[in-house]
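Shown below is the structure under consideration.
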Amino acid sequence: MHMPVSVAIAGASGYAGGEVLRLLLGHPEVTIGALTAHKNAGDPVGLHHPHLRDLAERRFVETTAENLLGHDVVVLALPHGASGAIAAALEAAGSEALVLDCGADHRLVDAGDWEAFYGSPHAGTWPYGLPELVLADSGTRQREVLRSARRIAVPGCNVTAVTLGIQPGIATGVVEATDLVAVLANGYSGAGKAAKTHLIASEALGSAVPYAVGGTHRHIPEIEQNLRAAGAEQVRLSFTPTLVPMARGILATTTARLTEGIDSATVRAAWQTYYADEPFVHLLPEGQWPTTAATVGANTALVQVAVDARAGRVVTVCAIDNLVKGTAGGAIQSMNLALGLPETMGLPTNGVAP
Amino acid sequence: MHMPVSVAIAGASGYAGGEVLRLLLGHPEVTIGALTAHKNAGDPVGLHHPHLRDLAERRFVETTAENLLGHDVVVLALPHGASGAIAAALEAAGSEALVLDCGADHRLVDAGDWEAFYGSPHAGTWPYGLPELVLADSGTRQREVLRSARRIAVPGCNVTAVTLGIQPGIATGVVEATDLVAVLANGYSGAGKAAKTHLIASEALGSAVPYAVGGTHRHIPEIEQNLRAAGAEQVRLSFTPTLVPMARGILATTTARLTEGIDSATVRAAWQTYYADEPFVHLLPEGQWPTTAATVGANTALVQVAVDARAGRVVTVCAIDNLVKGTAGGAIQSMNLALGLPETMGLPTNGVAP
Amino acid sequence: MHMPVSVAIAGASGYAGGEVLRLLLGHPEVTIGALTAHKNAGDPVGLHHPHLRDLAERRFVETTAENLLGHDVVVLALPHGASGAIAAALEAAGSEALVLDCGADHRLVDAGDWEAFYGSPHAGTWPYGLPELVLADSGTRQREVLRSARRIAVPGCNVTAVTLGIQPGIATGVVEATDLVAVLANGYSGAGKAAKTHLIASEALGSAVPYAVGGTHRHIPEIEQNLRAAGAEQVRLSFTPTLVPMARGILATTTARLTEGIDSATVRAAWQTYYADEPFVHLLPEGQWPTTAATVGANTALVQVAVDARAGRVVTVCAIDNLVKGTAGGAIQSMNLALGLPETMGLPTNGVAP
Amino acid sequence: MHMPVSVAIAGASGYAGGEVLRLLLGHPEVTIGALTAHKNAGDPVGLHHPHLRDLAERRFVETTAENLLGHDVVVLALPHGASGAIAAALEAAGSEALVLDCGADHRLVDAGDWEAFYGSPHAGTWPYGLPELVLADSGTRQREVLRSARRIAVPGCNVTAVTLGIQPGIATGVVEATDLVAVLANGYSGAGKAAKTHLIASEALGSAVPYAVGGTHRHIPEIEQNLRAAGAEQVRLSFTPTLVPMARGILATTTARLTEGIDSATVRAAWQTYYADEPFVHLLPEGQWPTTAATVGANTALVQVAVDARAGRVVTVCAIDNLVKGTAGGAIQSMNLALGLPETMGLPTNGVAP
């Protein structure tokens, strides 16, 4: 593929699309192509993303397959259910573009899981865009799969946080996968930009509230799928996200039963081994715990792990920026791999804090 | 005891002391007695609690046993370790005051637990100030014990939230107590008013961060003690608190394995039965989840429960205001019982929201 | 009027209506009557106001004049434009109820001002519900007018903050009224509960943004009207509100030119004199500045004033809770006066902080 | 000067120093040299700046002139009063380094102003690091001065916001400089990283509070100095900053009397003309107002202006990130100029939002 590559973004006026744009503006081998939107088509970018000064006067066009044709890469930042049709239309038009879907449509392998959690027909499965995912069968990581991908399903933000937090324990067997409990503190941008009463600032400020409690959240089968890939025979997961008053960030606290006979040093070694060479996932020094603020704007996952001998459980905490490592940064990392570029190209490693 | 009762507060310039004051100012049978402080002694109340207009010109006096003598009730809102000496001095001086300790010193029954988690000699055990605590042995609740108490150990704020959230399941046996996992979203006022770098606003805003991870938090043995009182033979608890950017509030998400053969209706019935007549603890209608904002300023605990059949776990969420039901309101509720007053007297039931 | 008085609230599912409810639940001479809503009619109160535990199971009825009849007091907490028709229907039905309009419809005396700022026909003028307003002509305060009122126009929240901040200077002539500048930091609840994109938490958190800049805000003529009542011959006001990430509160910084020859002591004396006997408005000790947090939940206005000799200006800062002193508390204070009750009855003076 | 240039930072463990580091890590012609600290000397960078992953294992050294020698550039991010001695020691040691002082010591030209506002002897005046500052006398901007500077005084954050907001009106004479009023909404990072009770999150969350009211803020003479440079004969400024619950950002609302006979179009044209070619300062399209969130992490100033004919005043609002355009970004922009590099090199133009 000749450089620079041109990238079109569908759904560019939302938060995920805006973050893809922000990162691509700093990518040395990319030019920004068509930016499409639905109800905001025709508006200047600056009206909806006043932070994207470099594009203030560009305008959104309608989200149609036609507008997305002719680019090397197409990023879909659409509500779930909308990606399938666009992808099919691109295919039908003979597009050879690399397509990345930031939505959920193509993440799940199991159609039954899809139908149970999303209540609609399954659109099919694309290669999964989590380069750090451990593949137990092959002894490699998912990045090897992504090097030849032409379609990529970008993971859910919560899924990335929980998977990165716990997978070293699963892959090494130092924890059991059959009784995982994950509770997350989530920033509001994960809920998107649509105006809903429970998302307004007056409701959010000074409050914490759980949602999708009791095994109903759509990210559950996706986490389970990842952990099976990482080596678990069977996965059972209690998963509860919680909205807290911050715009960005996921702090995922995941606990698992400690495998009988395993000591703390072995646990720590598992995490160290798996993340020693990862450019974006870091085990913090002992005693230092992740803060979401430290990841804001960066494609970084900060991880810590501790053994609670009294409770017989391992506790791991993973902090990410839901819009970066959880969505747009993860997408670009996968894009880099699929395009044969350095995996880290254009991706910030340092957060914006405080 | 003649009315009104006079109440002295030791440590009145801190957050817990200030909240005791705020509530007592609305209590119809109380007059405010001595207000003591350490480094703020001599200052007007209005300088440290500008929200307490009714006391703006009162001044703090030194925290000495002498200044606390001559009152019907003494509330200790001191750092742990400081209560024992004051209580002993009051005792020695022949005080017949009801003493409530908002600190940790007298909560734990087991001296070994105390020493393991606090690292200092045990000061002894006082009657435990959680009126709603289920007592499996007697088939009553803790309020019966409190009616004759002259010394009361006010529970820890996190302890109240977790205990109220999960105890109906424990008491009825619909959940197992041997593998509990609790993760909490905590407002910053729980960390007190001392100036520490990790508590400054620049660090807190836009961030979530866990603390005391891995079985080290001092509230763990206290929760276990409560749940044993509620009927558990053995308790194992993984407990992780998380600071999120709000001033007040605890949202405690606690999960427990569902006892084999129990269905959702039975679970819900357990919670309904146990809280049907409680004035301050409320099971929300199905599908509505607690928000901490709804409890701000009120002595209210909002509870919800759901069964996650896929994970084989019950999830319960309890929201309280850490300074009210979690500290000052809980203290006054217990005080009312010990004084023979209506349990709810002077305690707000409606929160200040949004 | 016999006690308790029954109070109906139109628009009870919004923020202003909810706050009227919260305060009335603590009012010793009031029973809660009909609670009406528009799209939320039929819903339980607990669904929209989970903090109002005492009314969790009450249901909203449709907002019709019929539903509001038969009460001693009717509080209208409706969008502007909606109050006039309801008031007329109550009148036509022969209702003798005291009616308080929390909306803007009946605040302005000058129909031309109304039409210029609201763009619709003027609904007429009701007695103005700011008891502390200085009336230069009569040498009294507005509370005297309210004692015989049967219709009351509750002031705008920003108006209350700016008026209370600056009126002592105007009334005494120690500052000039011809070049006032007010800039406000405003919590989001002032914008109401309607879901709009610019009000969602993701947009609000970590951001400050002005609105209605350049002399367009509808509260401007109302402030001018008040300051003329307080003695200004002519008023010119630059007024800029700013949304900042808090749910409640207004911090109004107002500056005025110092009248030639006036010294600091004279300025301070003006504020002291005018607020010495006010139960809800307090000049803080020198050097202590108002915080909005100190007023949360209370019907309190905290005021401070300083002379900037270098700039030739007086700076005054007034903090209130926009939903209490700025709306619901102010309404109840006026209601008390009109009903012949103690002005302070049922109104909190102590804030909920931190 | 050969490239890359090595840059040492004194006071690198604070917020200003951390932000200089964050930006320099993205600067293509810079290598990071010595990082000094006072009480944090010896600690790894990752402990104090967990967001700066690229430097996690580097360690701070003591803040001594010796440690700062041997670099091409030295950035001083120290409390005011500390820079003078370091600068003198570097001079004495024969250092030819470019020195940028992020503190206040060398900003003011007038020693009397310094002594009046800072209460200590004046350390002297360095070239002022605000490239966009209009110089009325020469008809150029301050960037021309900076191209040959070897010492640079980085402006105060509030000063940058107010100056950029109002200077086009001053320079063109469309507003009067003799009665300016500026009120600012400020994020907490401007107050630094020191632990003080009034800065802790519990105090900050849900609150707005002014500080340094009444003409006492040390940035006042600096703003006046700038506006005189921009062409004002005499400047009078009322200046009130306000802490609001956000970590970063300044929203400066500044008003000035409209010069007699000037219309709105002329006002707008003044701002357009002066900022048309500025790479970092942008006049927004009419009707769109700056938000601080849009500038987070970027060296961007967003400006808007409106005429309030009723009040006879121009209102201008300027939003910046206090740590970027207000401190570290401004410093690097000036450094680029002094080194003969492109002025915009290494400086983000797009913010991190939401």
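Just so it is clear, A, B, C and D label the chains in written order, and each chain counts residues from 1 on its own.
Methods note: a contact is a pair of C-beta atoms (placed from the backbone, for glycine too) under 8 Å apart; a residue touches a chain by one contact, two chains touch by 3 or more.
For clarity, every value in this text was computed on a predicted model and none was experimentally measured.
Asker: Between B-D and A-D, which chain pair is linked by more C-beta pairs in contact?
Answerer: A-D
Asker: Hey, how far is the Cα centre of subunit A from the one of subunit D, in Å?
Answerer: Result: the chain centres lie 36 Å from each other.
Asker: Using mean CA coordinates as chain centres, what's the subunit A-subunit B distance in Å?
Answerer: Those two chain centres are 38 Å apart.
Asker: Using the average of all C-alpha atoms in each chain as its centre, how far is it in Å between subunit B and subunit D?
Answerer: 46
Asker: Two or more other chains in contact with one residue: find those residues in subunit B.
Answerer: Subunit B, residues with two or more chain partners: 15, 187, 189, 193, 202-203, 205-206, 245-248, 290-291, 293-294, 296, 353-354.
Asker: Going by the touch rule set out above, what shape does the chain contact graph take here: line, ring, star, complete or other?
Answerer: Contact map by chain: complete.
Asker: What residues on subunit A touch subunit B, complex-wise?
Answerer: These residues of subunit A touch subunit B: 179, 181, 183, 185, 187, 202-203, 205-211, 213-215, 220, 236-240, 242, 244-249, 251, 253, 255, 257, 289-294, 296, 304, 306-313, 315, 317, 319, 353-354.
Asker: Could you please specify the touching residues of subunit C with respect to subunit B in the complex?
Answerer: Residues 15, 18, 22, 25-26, 44, 46-47, 49-54, 56, 189, 193, 205-206, 247-248, 282, 284-285, 288, 290-291, 293-298, 300, 302, 348-354.
Asker: What part of subunit A is in contact with subunit C in the complex they form?
Answerer: Going by the criterion above, the answer is residues 15, 187-189, 191, 193-197, 199-206, 245-247.
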